[in-house]
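Please read the structure below before turning to the comments.
Naming follows writing order (A, B, C and D), and every chain is counted from residue 1.
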């Protein structure tokens, strides 16, 4: 994502705990900050992309964090996947200091990000959205303005509820088909002609697990992390989510058995493994989707 | 389905416990049998469409049932949705008497059936499939030969596992979105641009629950019946199906609260009802899908 | 159970598909019938103990079954574990022929049955209960008259809902304790001093899985069968049972991985196996319970 | 708990966000601190009892928190229910400053605490345990030393996994019994004579929901909070907990429908409400347990 900003000629300062990541960007002409504080002092817009809520709160709100050093009129754009309460807390803290806040978590895969084809779900005021739009368009090909601050995070959780649980559903369905001795290609042909079809089964799976490629993509460990945020958000809102809760334990079981680092489509292999079934694969030469 | 056979000029005898159904077909030129036994004696191919496994076993295998009266060389085609063990038992009993057997459960809705646009998932030997194909093409526009006898039933269960559970997933996701205060149209636009999209959310829901039409379509009571067959089949095959099991209890809860007769997309309303959320609806004039 | 009837001097005729079982009873002075029909013709009270609903319906209600040959004024007592609809169907069919009906499923273990210490949950009219009471007291030490016909079956399902699911709960709790590195004996001491204690953890587990004895007792396959009856009965009554549904899939997963023949307390080992934890065992010399 | 310390003549300083709580203790002879910092400076042992992990981390580890002001050789005893990672983080931070740490969450009810009859699950070194023992014995009648620091918290989570989920199990079982039309007293008599019996059904329920008293006791909202800690701890340890996950959604559904403030035995009423069943109650005069 950052390299795409440089390619589009945006002035860029970077900080990363891992020096090699920052070094690669330096070669593309980015300058390098020695701390979040330094980054904040020299930037009008700061983007964060961090593992989870705890890290985001620390980097933005911490004693020596970004917000302590940003000037009024600057803006924080967080592209991490976090819980709604964290986005709301960031937005409130920024507003109090006269700093803009945008939550813009990313859809699609790492490979899209490299090509500048990410999808962004953006929560922002209209003014802040206009301000960050050129940056987002440098990094992504689809930009959704979902509503006010916090809406990007919330939309991302709704989106990933479906995307991840579609994998657990497809895993059950195709394991059942395998136990029934059904032909995989014929079964997929039927499913794609009815309302049973879905984006994971149609787009992701034929390129990944069904083609024998279980490298991430989007790892089961990350999908599990997102489901955790989703289930907690549902419980906070008093929306019972029994499907999500059952699905998370399915991922937990897959992680316990060593599938955590594999693509989330490999939930199929984890499911088949439980029942002693060979993992279903498309015959060579099957056209995708 | 039967009226389409008459429209295509097939000779037709009919029997139904409900006399009005048979009377309507008589007007289209069908002759009327007084019992399954009489039907069997005068037919070379007999089609059954019955509520569930118990009824099918009784009508086909019962003491005075079809098989007791069918001549060798005739054929039974069951279009009911039943469990695999029932289809297998029918196939075996027919084979023993030199009678062909085809399982051909139906996909899509009653409205498709009326227009001769049903989808059939067919389990049959190649010979039997060739024999029933003209009949199926009179009643449907998509005919899948899924494999040997029993494959139609099995494919139908895999298909409905996904189609029904997509509704429980979508219900959770859109209830979560509603509790988050997200805009429905924008959220759907995002979801349909990622792998979160699915046939129910894209095709069925915009015409049904999201448009305020919760009349069946495919009733929650029937979806519950199918999920029961699916969960039992999975347990018989020792394939754990925790998503299906959780989903069935979600439908059971919806039925207990009076939603059983509504379209299965109305699981959204049942879910929102649990959390005190107003049921999400598309604004008038939203283009479907 | 039958041998206890002989020991208490009841006249006894027996029929079993497995000749060795009947032969053993012949040695104790029972006479041997060549078919259910013959048994029915020579008996005023007939007891059945069969694997499940299908077998019971066939033996009692079938074309050449017990009821076809029993004289008015005789009585059928079914001690099998079946679904409520089956008990109700038997009761109705018996009533129509002037034959009494008692459902009296059995609690406790095979070892209790041998010692004449079974527990019976009895559904019967007061008259019929008085009639079978001496027989039940010959076979068991605890006889509960639960209500009218069908009440024994229903009480048994409620009882086994708890007894089986307690095992899945205890398995989760002790696996969690093991993953936490807690001392098993100290943890049990705490649990038995609070409301967390339960009959399985206190009585059955210290003698079985926690002592390293995973032979049945009551096998996971049978517990799975009972949970299936329970979940189906709940769905028929529109009582959502998400705990029972989740628990059944836990048993289904244990069966798929080869634990079906082990005692239902060995769900602990199945759970630990999923997480790569060694199965917890009491130190030698720990006093039971 | 604090008043029992005063009654046993321990010197006591107190701080509470709610001034009335502190005022009541002042009347018993406690002195009152104006902040956690002041409390830390004047105490050799500081006890905390707070709503959850976030509050405990802030009060103990925060910039102006207890640990910043405690002298080496002093000791922190946390009696809150938190996640294992929080107890471990507190223990490590205390150790680094030469301050002792004990986690000692409380079992039993508020009414026990008032009478000095609490149960404590204690994680501590042997030395620290000896040091806090007189304090614990002033407040409780049962003191379990579960192991090193962190063991008290972990044992509490295992204990509450069972205690809370027993309530969801009992709710399903008794709702099923009610839908079956079984007599409540007779059913309980059967259950308490088999391994289906459990501490909640035997001890808590006859005094609470079955007697028509649904005031907390231990509120569903708090039980939901504990289950959340338990499910998260299981997921962190890669121990799949499908029963706990299903149970938490059952509590989430009860909370959404307004049962959050009631005793956790009132999950029975929430379950019956879903199925349109009247809540089961013992007949007046039934002896408890």
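Note that in this section a contact is a pair of C-beta atoms (placed from the backbone, for glycine too) under 8 Å apart; a residue touches a chain by one contact, two chains touch by 3 or more.
From a predicted model like this one, the values you see are computed outputs, not experimental measurements.
J.: Chain A-chain B contact: same residues or different, taking over half shared as same?
T.: Same, since over half the interface numbering is common to both chains.
J.: Using each chain's Cα centroid, which is most distant from the centroid of chain C?
T.: A
J.: I'd like the Å distance between the centres of chain C and chain D, where a centre is the mean of that chain's Cα atoms.
T.: Roughly 36 Å separates the two chain centres.
J.: Taking each chain's centre as the mean position of its Cα atoms, how many Å separate chain A from chain C?
T.: Each chain reduced to its C-alpha mean, chain A and chain C end up 50 Å apart.
J.: Give me the residue numbers in chain D that touch at least two other chains, ranges are fine.
T.: Answer for chain D, listing residues that touch two or more other chains: 234, 238-242, 245-246, 249-250, 253, 256, 274-275.
J.: Tell me, which parts of chain A touch chain B in their complex?
T.: So the residues of chain A touching chain B come out as 84, 107-108, 119, 121, 142, 144-147, 151, 154-155, 157-163, 165-166, 168-170, 172-177, 179-183, 186-187, 189-191, 193-201, 203-204, 230, 233-234, 237-247, 249-250, 271, 274-275, 277.
J.: If we count contacts the way the header does, which residues on chain C are in touch with chain A in the complex?
T.: Listed in rising order, the residues are 242, 246, 253, 256-257, 274-276.
J.: Residue numbers of chain A touching chain D in their complex, please.
T.: Residues of chain A touching chain D: 63, 224, 228, 232, 234-235, 238-242, 245-246, 248-250, 252-253, 255-256.
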